[in-house]
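Accompanying notes for the structure given below.
Per-chain numbering from 1; labels A, B and C assigned in written order.
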Amino acid sequence: MLELRDCKIGKGTILYSIDQLVLQPGRLVVLIGANGAGKSTLLDAIAIGQPKNGTITFKGQLLEDMTVKERSRCISLVESQFAGAEYLSTVEYLELGRFPYTGFQGRLTATDTAIVERITTSFGLTKLLQQPTMTLSDGERQRASIARALIQETPIVLLDEPTSFLDYPNKRAMMRMLQTIAHSEQKIVLLASHDLELCLEYSDECLVVNPRTGQLEQYQTANLSLEQLIALAFDESL
Amino acid sequence: MEKRKNMKYCGVLCALLLLFSACTDNQQDRKEKVGSLEVKYAKHFELKQREGYVELCILQPETGKMEYCYALGKSSDKPVIPAGMEFIEIPVKNMAVLSTTHIGMLDAIDALNTIKGSTDKNFVANPTILKGIESGKIANFTDESAISPESLLEKQISLVVYSGFGKGFPNEEKLKRLHVFVLADYDWREEHPLGKAEWIKVFGYLTGKEKQANAYFEKVEKSYIETKKSLAHQSNNSSVLVGSLLGDVWYAPAGESYMATILKDAGANYIYKKEKGTGSCERTFEQVFKDQQGIPIWINPGATSLTNLKQQQPKYALFTAFQSGKVYCYSHKSNYFWEMGAVNPHWILSDFASILGNQSGKPLHFYQQLKN
Amino acid sequence: MTKRKVHICLLFSLIVVLLIAIGFPHGNESWFEWLFPKKGQEQVQFLLFKEFRVPRILMAIIAGAGLSISGLLLQTLFNNPLAGPSILGLTSGAHLFVALTLLGTGFISGPLLDLSITTSAALGSLVFGLLLLVLASRVQSKISLLLIGMMLGTFVSALTGILLSKSDPSALKAFTLWSFGSLQQIQYSQLPLVLIVLLLGVAASFFSIKPLNALVLGERQATVLGVNMRKTQWLILVIVSVLTGMITAFCGPIAFVGLIVPNLVKMFYKTGNHRELLIGSMLVGALFLLLCDLLIVALEPYIVLPINSLTSLIGAPIVVLLLLKKVRHA
């Protein structure tokens, strides 16, 4: 389980604080907050340890004490935007997901290749494999990003607004898939999102950046209504 | 009584006749003086004696046309100067010279005291001039653009002699308004060794020491021609390599150049004597390596010792001349050579003759054999 | 065509060009004259081959490979296709130290005057490489480091300019000649050292392949994937400083090779895998510089071209083409 204690989140000025936050595996957790509230900052804090204050532990071990390699087998991150890299083909991009496990020159073993294939198929990316990442559509690229994170096979998957470029049916499909993965593979899936309805529909827990209290508040989704959520996060009533 | 009267008339007549002949003699003398003054070898200047002044014309090396003409004379003689000619009051008491060859020429006619401005002290070898620069009595001008009007006025310099390069001197007009004249010296473009030395006459006329200049030049000319004659019957035509690498390219004097001429006069078989041109010719290092096989003598490699030479380029050690040890370069650092060589080509000729083994018993003036 | 086949083709081409270069007639010789010398010319031809041609040809290959590797590493590290050792100010460092040695205005450079140009160029690059390493550890963003490197280079060029303006013509000429670059200044006896340094550099750069592959996705993602940014930065800067420093020391500055070759390779390989890019860059770089030198030899009877001019002559239009292509893509 992922535990955060006494964390002050914010680059420069402190945006909000977290007294204690515990995330259990097998849960799809969404992070809700206004723009600029500091959602990405929290994800950064967990993923790369910035900013450093308070303690973040996973299964009792401080993230700070982990080597970069250990951490990479622990946490994967899907950034909000992936513009593609020049000359990088989709299959090469996906294979980079196995980075924490490959040897000296990054060559993939048969196991690695199998994992890549499996996830590629389940995400419907097989036809796009040889295409350069720059020529993919925004939606395709986003799917590829999430696929890559899953290829990394980490117990914690962080996503920064992963569905913003998808059309509605795909948004739903993505959320459903994330929920399935969290439950079946017992991962902690934490995503920041603005799609409030979908969040309420699929997530197990909601973390809300409450501007009034300056705290990150944890709620079970079952106990939360849309109006409550909006009131908490955006400090206004419908 | 009548005889005495006759005698008186005769005496007066005689006196008148004498006077008349003396006058006519003067007239004739003056007529003889007007005309060209002999310039035997130099191609880029002309001297003409005119009424009350000497006309010095500088000729453009490329075209041979007149670039500039000066009238050298004394204003007390009230000479009539044609339009377009600059009048220079002689003897010039304070001048600035921007090339060390000028220092050499003035030194030869004992006129160093006229130098009040000199070229970059790093190029000067003459100890008197160096001392003058140190003490501040002589202004140090690093190049044409570094001449400040203040220093010219302070030293009361009325003439600036510079190595001509075809284009006008920077700020020439402004300097004229300050009564400072500029004179382009093209001795460096003379190919004939004696032509180069003959420019001493220009300095002679400028400083009022033309007699000394002419005498010095005659001495040089005589020595050069005599040495050349004595070497003409030599059967020992030693081969010679000249030059060195600059970057990846070897530069050597071309076959019609100043250096090549003196080498030929010294009885050398210069390796690139067949190259057309009066400047330098280029070769690749490989080409020179092939050409120099078996050539026993190497002149002007631009080094002070064999070790120094090897440091510059380790492959020089493969050269025949290097291995036989017959490499020669200027002894007093190159400054002395450039200063005194132009006006004393007979010394260079003698040096080459000695180096080639065509002459013995004479000491080397400029060159020395490189030791380890 | 698989990458392996491409590499084999390139290697084959390199060997062919190498053979051509070895046997090429200089001046009015015949092909391979050193193998079949005329009577009495054996010694001369052998010396020509060993002392003149072998060092030149090998240096072309070494410099081409080394500069291309440096260029590739820097371009990925800074995510900038126009990065090269000169951008970071590494070559400016060499320029400054060589200028100090040659132009020696007493009050600055006393001890430097005794150093050979080779040593001072190497020192200059290494000192600046170190400086950059120190700065890199203090600076967060890559763009800042790149800008700092550029400013450093500009500042140092200004210093060099001042030195040049105060110097006498012969020193100026010597500096200008050095800045033309030359593959012919290296001696046969220095080849082992240069080869060893190159091989070490190549071996070390293989350790950077994996991190570079991830760096393509940006620093943040690379860190999450497990790349130790500090170590990687350090490794790359050291490799580039040493390789560039050594090559600049023995050849003077050679422009553009580090810039164009990696870009050419990327354009044709269309891959983000730095193992292929590294091998490709080495081979193409060596081939490019060897061909440039061959061209110079072929033109020698008519005109002697300095290598730096030739690489820029060919390199500049290629950079323009690349940029135009980029604009069309975007």
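In the analysis below, contacts are C-beta pairs under 8 Å (C-beta built on N, C-alpha and C of every residue); 3 or more make two chains touch, one makes a residue touch a chain.
In this text the structure is predicted, and so the values were computed from the model without any measurement.
Visitor: Quick one: do these chains touch in a line, a ring, a star, all-to-all (complete), or other?
Guide: Contact pattern: an open line, chains touching in sequence.
Visitor: Report which interface contains more C-beta contacts, comparing B-C against A-C.
Guide: Per the contact counts, A-C leads.
Visitor: When the centre of a chain is set as the mean of its C-alpha atoms, what distance in Å lies between chain A and chain B?
Guide: Centre-to-centre distance between chain A and chain B: 87 Å.
Visitor: Just curious, how far off is chain C from chain B if you go by their C-alpha centres, in Å?
Guide: Result: the chain centres lie 48 Å from each other.
Visitor: Just how far, in Å, is the C-alpha centre of chain C from the one of chain A?
Guide: Here the centre of chain C sits 43 Å away from the centre of chain A.
Visitor: Please name which positions on chain B make contact with chain C in the complex.
Guide: 120, 122-123, 246-249, 282, 284-287, 289-290, 293, 311, 314-315, 318
Visitor: Write out the stretch or stretches of chain C touching chain B in their complex.
Guide: Those in contact with chain B are residues 26-27, 44, 47-48, 51-52, 116, 168, 173, 177-178, 180, 182, 184-185, 187, 189, 300, 304, 306.
Visitor: So in the complex, the part of chain C that touches chain A is made up of which residues?
Guide: Going through chain C, the ones touching chain A are 81, 206-207, 209-210, 213-214, 216-218, 220-221, 223-228, 266-267, 269-273, 275, 329.
Visitor: Which of the residues in chain A come into contact with chain C in the complex?
Guide: Against chain C, chain A makes touches at 44, 47-48, 68-69, 71-73, 75-77, 79, 82, 85-89, 92-93, 96, 99-100, 102, 104-106, 132, 134, 152.
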